[in-house]
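Down below are the structures I want you to see.
You will see two complexes here that share chain A, one where it goes with chain B and one where it goes with chain C.
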Partner chain A sequence: MINLSEDERDALQEIMNISMGQAANAMARLIQTKVTLSVPAIRTMTPQDFQAMIHGMSNSWFARQSFLGALRGEVITSIQKNGCEAIAELMDFELPLDLSATEELVLEVTNILSAACLHGFTSQLELSAQLAMPAFYYPGKITQGADWSSILLMDVDFRIEQMQFDTRVLIGLSEGSTDQLLIPIRALLES
Partner chain B sequence: MGIPVTIADDSALSRKAIRRALPLDWDVDIHETQNGLEAIEAVNAGLAEMLFLDLQMPIMNGFEVLKVLHDHHEKTVVIVISADIQPEAQALVMSLGAFRFLKKPLQMVELRETLYEVGLL
Partner chain C sequence: MKKNELKLEHVLVQLPIAVCIIDEARTIVFANAAFSGGLTLRQEDLTGRLLDDVFPEQIRFLKRKINSVFALKNPSFSYWQQRPHVFPMSSSRPITGDESAMYQNVQFIPLLDPADEVSHLCMVISDVTAEAIYFLQQSELKAALEEEHQQLQKLHAELKQAQQQMLQSEKMASIGQLAAGVAHEINNPVGFVRSNLETMQDYTSKLINVMERQQKIIQKQAEPRFIALLNDLYERLGVAFIQSDLPELIEESLAGTERVRSIVKSLRDFATYDDEGWVGLDLSAVIRSALALLENEIKYKAKVELELPEQNALIWAKAASIRQLLFNVILNALQAMQPMGLLKIRCTLQQGSIELMIQDNGCGMDSDTLSRIFEPFFTTKMVGQGTGLGLAEVYNIVQEHDATMQVESQPGAGTSFRFCFKGFRG
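And then the complex of A and B:
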């Protein structure tokens, strides 16, 4: 498991907070509705803990989007199933949603949130990372193809108030990337 | 004695970023707080002629601080520095009497331009 000092955790949380603020703004522009954010939670966990957490979210759709570069990992977006039609309406999808349209919706939301938050993250730390295309998936396959021997989880809830549904963004980093991430954070703290 | 300035932000990194962005030769006495309630206490104690205010803080958030200052007609110049950059948040803080809304991550040039506009530079 990765050990973070209190200062490193604070710095990571604030950088995440700024990144997610940019993602929320991108989302709010898309749906023309105010989006509220939770305080980002930074946790270290094992892949087993992570799987258990995801399996507990059976009321959500998921998409994953990997990123490569100085940082490697995945952004995972979950969208509560019972809120999809409301958000689809705001995004001018035809209702009712079939599975194909649901996938399209989830992928589009994922792409917007992932791009904004990863850009916020890498630009603040002057690191490079490129996003791959998002893919829809079902829990159980989440670590497939990923080097997640240890996970640094950054977890934020996006809430669209009038609709009472949550979108959650999780960023998982591979173990080597955590070291890459901590180098500029330590430099920031020491400056 | 310098100008009393309070930085209210629950993140140590952000408080440090604000300190770093201030002019080195600016004659100020800087006080730091980690939540909105402490920020109000700092204002009441005369420690905040200028208040740099985060919005998302524990115990009392920045919006609540602005409401208290607004209701009590405080003279403190408030500069909000926030990661919540949605137009609604910006409009709300300005309606509650903030002098300026600055986005995180804080840009040194923007902060100094704001200090110049206030007449403190």
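And then the complex of A and C:
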């Protein structure tokens, strides 16, 4: 099980606040609309917790994007289905959205947010992580038989106030990567 | 450094993957041979031309991607699944391939200057036609397999149903054989009981006659004391009552044996399968036989109103099947009624056909139930009380006899079955 001390958690929280703020700015710059975000939550999770959380978000599309390097893990983005048309219009998609266009939109939003969130996060810690291409994710089919016992999950919600657009970004770090993450954090705390 | 750049450009030109580099104004600064040669548009040298002019139809989508990369310094992607043909490029297998347009995955990669700003953007187009075609073929194959699987499942269900019906028929045949055996065994003892009772009836009548004459003679000839003693004895033993009751008892017993004989006959008729052969069958006789067998079921449940034609109602039929049909429909009608209901059975001769109507005034059915009554294993009875096969069997019998059937039902008012069989001229 991953254990974080209170100081480590506070430091990570601070880094997350900054990097997620940068991600919201990036998104806002692209769509020329104000994007608000929740306070990022940091928690450790078992496969069962993770599965339960994903299943609770049944009214959403999901996409995932893995990252490799000093940190390994996956960014999972959920986008509420009924908010897709609004964001599509802002991003200059042709309306109404058919299934292919919806998938394209979800992958595009995922790519923007994942990259922005991860970049902000890794650059502050001077760690490298290379994002792979995003892919659609159908949770019910995949989470069976996970070969991990716990992950560190960073969870943040982006919204556009006037619209129904609501998207949630989950950055999951594998057990080994959490140790890698803690090295620069501990160094920061000691300095 | 220059040497390295030159080498890199040389590699890019030679690469079998299409590469195109643009600046922030979307001017093409580099396009390798795979990009230029792959395009279906006839283009002179692409270098220095505006992307918007070369690809006017695609520019809306391309601008969206390009703007995102320049704004966010972050790579972007396009997949063949969502957008199969971003650039107008022909398949890399124009002769042996099935597809004329190339399926593409496109990567939009930011190229950073020394100040870490995006100065150029590199588009890398991968030809995934073979993979895409394979995937699409697999998807079609999967859909075809799923359809086949569903058909097999349906077939399996039908086979299961046929097997159940066969089991049911076999069960009925076994019951029939058992009934025939029992009927035969009962017939013999009932025969001699009846014969003995008839002889007893004769003897009793004679003995009573003799006794009456003796009494008259004694009354005239014997001593008063002897007469008084005898009268006392007769009175104590109830001889007068015995004399009047004995013929009635024998009469009732004979009627009982007659009833047993009639039931046994009906049972034998019912159990006789005639090797499932087709015969000219008198429907009226079969109805009477079925009602006789079901008398015990009927008498506490319903009054029967029977209307049969005077002439034989001949149909070309399998006797056992028609008996089964009557049994199933009549038993269902009885189960639908509260005592005392009214069961109407009417058989009428039509021009070239015989119509049979079986009507009850029981609980009836709603339209949903009515639409499902011929489905095998559909039952409204409690678990274990009905197989749900009775009316499915009736349906099959009607089909087998090339007959027609109409069912009408009203909840609370009752149900009526109307069959129309083709007449048979012997």
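The rule is simple: the second predicted complex is superposed on the first by the 181 of 191 C-alpha atoms of A that agree within 3 Å, B and C clash if a C-alpha of one lies under 4 Å from a C-alpha of the other, contacts with A are read in each partner's own complex, and residues count from 1 in each chain.
FYI, a contact is a pair of C-beta atoms (placed from the backbone, for glycine too) under 8 Å apart; a residue touches a chain by one contact, two chains touch by 3 or more.
Not measured: the values here are computed from a predicted model.
A.B. asks: Could you tell me whether chain B and chain C fit or clash when both sit on chain A in the superposition?
C.D. replies: Here the two partners, once superposed via chain A, fit next to each other without clashing.
A.B. asks: Once the shared chain is lined up, is A:I18 touching chain B (first), chain C (second), both, or neither of them?
C.D. replies: first
A.B. asks: With the C-alpha centre of chain A at the apex, what angle separates the C-alpha centres of chain B and chain C, reported to the nearest 10°?
C.D. replies: 150
A.B. asks: So in the superposed three-chain picture, is A:V39 touching just chain B, just chain C, both, or none of them (first/second/both/neither)?
C.D. replies: The answer is first: A:V39 touches chain B but not chain C.
A.B. asks: Which partner does A:L97 reach: the first (chain B), the second (chain C), both, or neither?
C.D. replies: neither
A.B. asks: Quick one: is A:D10 in contact with chain B, with chain C, with both, or with neither? Answer first, second, both or neither.
C.D. replies: Touch status of A:D10: first partner only.
A.B. asks: After superposition on the shared chain, which partner residues are touched by A:M163: those of chain B (first), chain C (second), both, or neither?
C.D. replies: Neither partner.
A.B. asks: Once the shared chain is lined up, is A:L189 touching chain B (first), chain C (second), both, or neither of them?
C.D. replies: After superposing on A, A:L189 lies in contact with chain B but is clear of chain C.
A.B. asks: How far apart, in whole Å, are the nearest Cα atoms of chain B and chain C in the superposition?
C.D. replies: Scanning every C-alpha pair, the shortest chain B to chain C distance is 13 Å.
A.B. asks: Hey, what residues of chain A end up touching chain B and chain C alike?
C.D. replies: Touching chain B and chain C on chain A: no residues.
A.B. asks: Spell out the part of chain C that touches chain A in their complex, as residue ranges.
C.D. replies: 60, 63-64, 67-68, 71-72, 74-79, 81-83, 107
A.B. asks: Could you pull out which chain B residues touch chain A in their complex?
C.D. replies: 11-14, 20, 56, 82-88, 104-105
A.B. asks: Spell out the part of chain A that touches chain C in their complex, as residue ranges.
C.D. replies: Residue list for chain A touching chain C: 26, 29-30, 91-94, 100-101, 103-104, 107-108, 111-112, 115-116, 119, 131, 133-134.
A.B. asks: Could you list, by residue number, the parts of chain A that touch chain B in their complex?
C.D. replies: Where chain A meets chain B, its residues are 7, 10-11, 13-15, 17-18, 20-22, 24-25, 28, 34-35, 37, 39, 124, 188-189, 191.
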